[in-house]
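Take a look at the structure set out below.
Just so it is clear, A, B and C label the chains in written order, and each chain counts residues from 1 on its own.
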Amino acid sequence: MSGELLLQVTVSGLTNGFLYALIGLGLAVVYKGSAIINAAQGDFAIVGAIVTVLFTQSAGMPYWVSIVIGVMAAALLGGLMEVACIRPMLRLKASEESILLATVGLTFLIGAVVLVVVGKAAYFLPPIGGEAQVQVGSATLQRHAVIVVAAALLVVAALAAFYKYTHLGRSMVAASSDADGAVSIGINVPLMRTFTFMLGGLIGGIAGVLQTPLIGVSFAMGIAITLKGVAATVLGGLVNPMGAVAGGLIIGLAEALAVFLFNSGYQNVVTMGLLIVIMIAMPNGLFVTARRRGG
Amino acid sequence: MDRSLLPDSVRAGSASTRHSGGRGLALVLTCVSLAAAPLLLSVHYVDLLVFAALLAISGLGVGFLLGQAGIINLAQVAFYGIGAYATAHVTVAWNLPGLLGLLLGVVISAAFALVMGLPLLRLSGHFLALATLALMVIVTQLFFEWDWLTGGSLGIGGIPKISLFGWTFDTPMKFYYFAWPIALLCFWMLSNIADGRPGLAMRAMRDSPEAAEVMAVDSTALRTKLFVLSAILGSISGSLFAHYVGYISVESFTLERTIVMIMAPVIGGVRNPWSALPGAIFLSFLPELLSPLGEVYRILFGLGLVLVIILFPQGLLGIANWRRVK
Amino acid sequence: MNAIVPSLLQVEGVGHAFGGVHVLSSVSFNVPHGGLIGLIGPNGSGKTTLFNIICGFVHPLTGRVLFDNRALDRSSNVVQRSRHGLLRTFQTPKVFEHLSVLENVMAGLYKCSRGGVLASMLRMPLARREMLRMQELAEATCNVFGLGSMMQRPAGSLTAGARRNVELARAVVSEPRLLMLDEPSSGLAKEEVGQLREQLARINQSGLAILLVSHDMDLMSMVDRVHVLSSGEIIASGTMAEMHRNPEVQQVYLGL
């Protein structure tokens, strides 16, 4: 086992880890704001990426403009999801299992729409920052990977600032932690939930745009992406955004190690196996010591 | 889990109308219709109904877990695949009769469900659903990776027809009269469980796990048994599938399939053990009805699925449930 | 206290702490066969923890609990204790909402029957006979508890008082040895408390031991003996009359 190879593997594992962290972050945001685990989170990434692809390739727009449109589209999808699906279910007092099942159905639906619009093929986007490469010790990285890391950290910081310093952010926190109290001070709780989903969509869209240059995007990828994000966020403690980042990195590294030691085909097996183990052994994540049952 | 799975109004009552005449009549009518159908319909529809039977069997398993115990099991397609590959191997590679393949599939699925069930079923709610989903991803990935066993994306072909007591089920009509009695038998047996002591314990456990514990209901043991039962049904369905179509590959064992399997009982009305039957027939004919629309049908299918979950928690058999208001 | 026949329930030197804070310190008392024992104490006295330890929801740090001369340890969880005849009720009655009243009470007989998945699946005679027997016994018990007219109604649709009766019927139908009641009168109107008192007296007279935790002095007046818990220790034991005269007990309650 050469040290160089190990370093290379670690570096790519961390890069992927930040991507998983972003998906996990989106999941954590939605869960924190609505106590709902959205199985269609990965589809925000897919839609964000596909819309960006369409605007770049078919409409020939500048890359950055397409990215903005793509991410906005994902955010809008999140809002639509909340209004059209979640809100009616909550009004009908559906159980958390029903809602989860509905989001699983949405994964299928969104995948079907993408299939009809762009077909079965996998699409790629040009790496952000061009084809340039960067040296880290003996390992080489695409500049894009560095941008992934930077973007992920930026999103985390922006999110923290948003929740703490903006009126909207604080309202969303209030609405999710104490709905009755929030209503009494004039906060529109359902609207806050819509914004929560839009935020989840936004973060998911960003993740999609960032990951497509590396691994491409296709119609059926949604659930696999979601599950990796779930692994990241559960490891990090479900509502803790920083935890999602840490969790994502651990998952990314574990996966890279698995690829290194075994065949690359086993990476999903390893990450999914890790998810199961985490949920059973550490339902509250690595960073919380309270013994409550997860779920 | 303190709340019911789907938003039943509390008026809806429970499933203890064991000897209600209405249910008996419905059952008789169903059996008669099913018996007569192949004689009245074209081969094409008989073929669809065969697939409906297979879906009904695997849907029965997940539906039972969902409706009686509130467990969302998204791993069913994994056991379906194990059943299919097991029987394909036994008959193609080892040249043994199909029934042995079925048996092997059942044994492997049951063992696997037991081993995975014991740790997994300590979870509940979201986590359990997600864990079964993760399990499904793992197993289907292994179907792809272990191509020495499964043929990977090339699959296994030339699976011979299955026979029983000298009859070979080599046409849709013959297979129909093989698969549907098996399906009905399975439904009958599981309906008996729901009416019996285990069914009572499960529904109690679902309403209040602590009170059920005080009543000495060992919930992990019970849930594990039902999970194994569900896996066995998935396996049987998969084995029958392999012998019906003659060729299987990883394309048959997807997330879409596992979702369709859990949709069947949801559409039928999850709290009723028989729900997967009308649900499966509905789901098997729906693509047929929508196919003139082309690719778009998948979107309508997905849309329909989501709408059913949101708007019709009682499902098609929901009307029957309301009659149980006493 | 009868020194020859061992008690049904013996709590010996039980102590427990949560996160470094001592909640119980060496608590000892017993419940004789067929006795009616009360446990009172202000909020924060450790009553709930002690209760949960005895019925198996929590394992004590020190000391032990003996039921019918058998030590209940880590391996003896709630399910096991239930099988030995140690049952509890909850402060807010936990009925099975979607099950009918009759089915709720039948559930109480779960541990007295054996028909498993296989037997039910094949409708074997054993399983069917058992279910019928369970139904008969449950019906009889429902009638005793005044639930005869509402047996088919879903338990979730009942009033607080009726739910309490369902919980009691469900507990009593399996003829347990000891029934532990956690604030059974909470949520009940005054007449309902009176009815509850009669129910409990009747149950106790048939030989079922009761351990009662309650703030309600009306209910407490029926106990043979009461133990007063304060800050994790038993500070006094005796009849209710003696407790009323005990200055330490009065102070613990007045000082609240």
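Going forward, a residue touches a chain if its C-beta (ideal position, glycine included) is under 8 Å from a C-beta of that chain, and two chains touch if they have at least 3 such contacts.
Since we're looking at a predicted model, the values are computed, not measured.
Peer 1: Just by CA atoms, which chain is the most central one?
Peer 2: Answer by centroid distance: B.
Peer 1: Return the chain whose centre of C-alpha atoms lies at maximal distance from the corresponding centre of subunit A.
Peer 2: Result for the farthest chain: C.
Peer 1: On a C-alpha centroid basis, what's the spacing between subunit A and subunit C, in Å?
Peer 2: Each chain reduced to its C-alpha mean, subunit A and subunit C end up 48 Å apart.
Peer 1: Centroid of subunit A to centroid of subunit B, CA atoms only: how many Å?
Peer 2: Averaging C-alpha atoms per chain gives centres 31 Å apart.
Peer 1: How many angstrom lie between the centres of subunit B and subunit C, each centre taken as the mean Cα position?
Peer 2: Inter-chain centre distance comes to 41 Å.
Peer 1: Among the residues of subunit B, which ones contact at least 2 other chains?
Peer 2: 4
Peer 1: Taking the complex as given, what residues does subunit B use to touch subunit A?
Peer 2: 1, 3-7, 70, 72, 74, 119-120, 122-131, 133-135, 137-138, 141-142, 144-145, 254-256, 259, 262-263, 266, 295-296, 298-299, 301-303, 305-306, 309-311, 313
Peer 1: Could you please specify the touching residues of subunit B with respect to subunit C in the complex?
Peer 2: Per the stated touch rule, the residues are 4, 8, 10-14, 16, 189-190, 192-193, 195-201, 203-204, 206-208, 210-218, 225-226, 229, 326.
Peer 1: For subunit C, which residues are in contact with subunit B within the complex?
Peer 2: Counting only subunit C, the residues touching subunit B are 55, 78-79, 82-83, 87-88, 90, 94-100, 102-104, 106-108, 110-111, 113, 115-117, 119-123, 127, 130-131, 134, 152-154, 156-157, 167, 170-171.
Peer 1: Quick one: which bits of subunit A touch subunit B in the complex? Just the residue numbers, please.
Peer 2: Interface residues on subunit A, with respect to subunit B: 37, 39, 85, 88-89, 92-98, 100-102, 104-113, 115-116, 220, 223-224, 227, 230, 234, 263, 265-266, 268-269, 272-273, 275-276, 279-280, 283, 293-295.
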